[in-house]
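The data blocks that follow each hold one structure.
Shared chain: chain A. Partners: chain B in the first complex, chain C in the second.
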Partner chain A sequence: MKTITYQGVEGAFSYLTALKEFGEKNHFRSAQTFKEMFELVRNGEADAAVVPIENSLVGSIYENYDLINQYDMHIIAEHYTKIEHCLLSYPSNEVKSERLKQIKRVLSHPKALEQCSHFFQGHLWMEAVVYMDTAAAAKKIAILKDPSCAAIASAYAGELYGLDILAEKIEDDPRNYTRFVIATQKGSFDYQADKCSLLLQLKHTPGALVEGLKEFSIEGINLTKIESRPLRGSLFEYEFYIDFEFKGRNMREVEQVFNKLHEKVNKLTVLGFYKKGILWTS
Partner chain B sequence: MKTITYQGVEGAFSYLTALKEFGEKNHFRSAQTFKEMFELVRNGEADAAVVPIENSLVGSIYENYDLINQYDMHIIAEHYTKIEHCLLSYPSNEVKSERLKQIKRVLSHPKALEQCSHFFQGHLWMEAVVYMDTAAAAKKIAILKDPSCAAIASAYAGELYGLDILAEKIEDDPRNYTRFVIATQKGSFDYQADKCSLLLQLKHTPGALVEGLKEFSIEGINLTKIESRPLRGSLFEYEFYIDFEFKGRNMREVEQVFNKLHEKVNKLTVLGFYKKGILWTS
Partner chain C sequence: MCPQQLNTTSRKLIIAGPCALESRQQLKQCVQILRQMGVSMIRASLWKPRTQPGWEGLGSMSLPLLLEETLPHGMIPATEIISAEHALMVVHALERVEHNAQMLVWLGSRNQNHMEQKKIAKILATGPEGIILMFKNQMWEDEKHWLGICEHILSEGFPSERLMVCHRGFSPGKVPNPKGYRNLPDFEMAMRIKEKTGLPMLLDPSHIGGSKENVMDVCTIATAYQFDGHLVEMHCDPENAKTDKLQQLSPSEFQALLKIIQGPSYKRDAA
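Now for the complex of A and B:
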């Protein structure tokens, strides 16, 4: 049995991803902040952390890229979790249409409220109320037992806290998924890999990026992510997040690309080797 | 006099940026949502919108990239605004150290609360309370007049709502700035440009990215941003946000790069030509 840490309360999308990745027989430990997860893994109190790294609507989560790097962790897996929002209320025998009319306040994380703006436009009598977390909002509704209050959270959170689903898939944009990675101390898991995440700091010469990327295209290796980010304390110098897939190639070929890259960049940090993820719905 | 729209309440960082860009003699119109800003510009009710496009800690704001594209707007300027958070309270004659001890609740946007986590760790008697907006939290404190409540917002918001600054620069990471762009209907302003933002959709061939970027490096043109983003409805196809500077070159040279790029990409959308921005502190 392994101890897996995730940020948030039970029923959060991070928790769901942890469950799907590791299965129920493991021990799941909640952390209040992202940083706390990394502390737990470093101290040996957890074997792995489930870390949201990017979302299709809001982009990369830089804080977690920084933490993986600072804590010298290694990515061993990735997972795409579909974010689907439901309107959840305390159970009652009344018909759903009547119950919808009674709802005055809807609690959720501000991002989730924002992502359901069309729903609120169609239900103008409901007020969106900001709450710290989607699953925490569901938990609160279970405690309040108030038919005039509801939460926006996952169907799973609704089930966990014994709530009814009054409306489902109420997000404006169905293209909403979060990419999670599993971060561990180096060498603590065995696994097969066909994808890699890198952090590159380039030399300050024109065309340095093209020169570096060429090493991948020469080998026919496909990049799946590239993102520039200003370096700390500097508006006009950058580091690059790069992901690539190397299915059908062995590690030696990848290492050869790295050897050539080393000559062309200031710094190359491997964040992890892992198996390419699939999309899961919650 | 021009009408400039911004999202949020008076005193928000968007409002500050609008003031600094256009000066006090213009008319500033608040919008509740980003989308509302674009509607106002399209309908001719506003001449320009002040649009946050990326933040150094949270990354690109995809929603606004989408809106610029959907509403067929043009970027005519960019500005980097430093985000500095202050603890603000209703004025009183007591000494600051005593007033700090009395504070039980601190209202702000969840991102701002999160960005001041070290401050809360050093002031454990204060509870962070989620609010929709930093400047709106400051406004609320001015109405409450309660010495046990404070807000986290800009120094400017404190001044605007007549609050005292009890602590300043309380953010954990000083590398916190937001890049704003000014978006207008095409052809509605005259200006000088040395920077450009592009949206590229590549052909699905290996090395397509390197092939495209080569056209810039051949000309010695420096990219200042590159970011892949999954295309709507697809996990594994991407579009690219690209910014580049072309100081010392004329538009004809830039157009030649575009002509060559057109052959190599599926779609090239120019989001705007504008003058490279400077960093402003609030």
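Now for the complex of A and C:
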């Protein structure tokens, strides 16, 4: 049995991803913050962390990019979880349309509130209230038992905390996916991998980034993501996170690209080789 | 790096590099990659004792090359020496380079003529203080013999402060070997030798494992034991390596291995 840590409370999208990745027969440990999650893994209190890294609508979660680097983590897998939001309220016998009219305050994570802006435009009497995370908001509604309060969270969180679903799929854009990576302290090497994450520290010379990226282009390797982050300890210098896919290519060809890259960069760190994630619905 | 420091630091000693030195370009590339990974000791054998007749390494002429491409970059070179003649060459070469330069030499498992071992120890004892000596276990399983190597070396005046031991497994013989290790480890014996000699004990997972997967596996199991460091074979293009191509890790595989070796309690300086 492994201990898997995730940020948020039971029922959060991170929790759901952890459950799908590792199965129920493991121990899932909640962390209040992303940093706490990384601490648990580094101290050996958790075997892996389920880390949200980017969302298809709101972009990268920069804090986690930085923490992966800072804590020297290793990426062993990735998953894309479809984010479907529901409006949840405490159970009542009244008809749904009446209950919707009674709701004055809607609690949820700021990103979730942002992703449901069209819903609020259509229900102007509801006030969006920022809460620490989606599942925690659902839990709070279950405790408050107040018909004027509701939460935006997953259907799973609604079921977990005994709430009714008043409206479902209320996100503005149905193509709402969060990409999670599974991070461990301990290294491993997946010989079936078809995707890789890298961290590059470039030389401070003109064209250094172009020269580095050219090596991928020459080999016909497809980059799927590039993200720059400030380099710790330097002033306005950056390091680059790069993801690329190499399905159908020999691992040796990838290694040869790295060998050439090593000559062009100050530092190349392989964050992990892993299988490309599949799209999941929550 | 002084072997004595190993017991006082949480960071394990990592010595990595190709099984054999093949060319200047190969060494340059390895130095560059290892430096980027924060590894400061590089192994590359010049003289290769072989199971069957084959390529025996670049030999004595490549010793200056090894020093030229490592020391100026802050890397400590490491190589196996087979004879007293090799020990003399190392001493002379190191005397000619910068003051305080360090180099690690080791006695391999096939080298079990105790008279030759003593000659080597005596020559190295009179050489520059930057010389660190390491001895591996012999090929057959015998705790007394392994301890004996240590006693022979110390009897010739080589200082224990610059001496280390390395476990590379024992020839499997006819005992069960379900994972197909090239050599079978006896971690408990290694820990007893460490305790009895008081010397840092390193692990050579490459010669125990014999294959990339096994090298990873051996290191994972060994995290339960108090090894002070690891001697790992890493090649920039393992498929085209001249020796031991099955057990040499690629740089990416080696980077993953580093995270197995350092374990969850390992804290990076920057963190």
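As a working rule, the second predicted complex is superposed on the first by the 269 of 282 C-alpha atoms of A that agree within 3 Å, B and C clash if a C-alpha of one lies under 4 Å from a C-alpha of the other, contacts with A are read in each partner's own complex, and residues count from 1 in each chain.
Heads up, the rule we're going with is that a residue touches a chain if its C-beta (ideal position, glycine included) is under 8 Å from a C-beta of that chain, and two chains touch if they have at least 3 such contacts.
If you're wondering where the values come from, they're calculated on a predicted model, not measured in any experiment.
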First, second, both or neither for A:T33, with chain B first and chain C second: first
Between chain B and chain C, more extensive residue contact with chain A: B
Chain B versus chain C as contact partner of A:S148, first or second or both or neither: neither
Contacts of A:T269 with chain B and chain C, given as first, second, both or neither: second
Touched partner set for A:S92, first chain B, second chain C, both or neither: neither
Where chain A meets both chain C and chain B, residue numbers: 232-233
Touch list for chain A against partner chain C, complex: 41-44, 70-72, 74, 185-189, 191, 232-233, 251-252, 254-256, 258-259, 262-263, 265-270, 272-273
Chain A-facing residues of chain B, complex: 33, 56-63, 80, 109-110, 117, 130-132, 175, 177, 206-207, 209-211, 213-214, 216-217, 220-230, 232-233, 235-236, 238, 240, 279
In the complex with chain A, residue positions of chain C that touch it: 29, 32-33, 36, 212-213, 216, 220, 236-237, 239, 250-253, 255-260, 263-268, 270-271
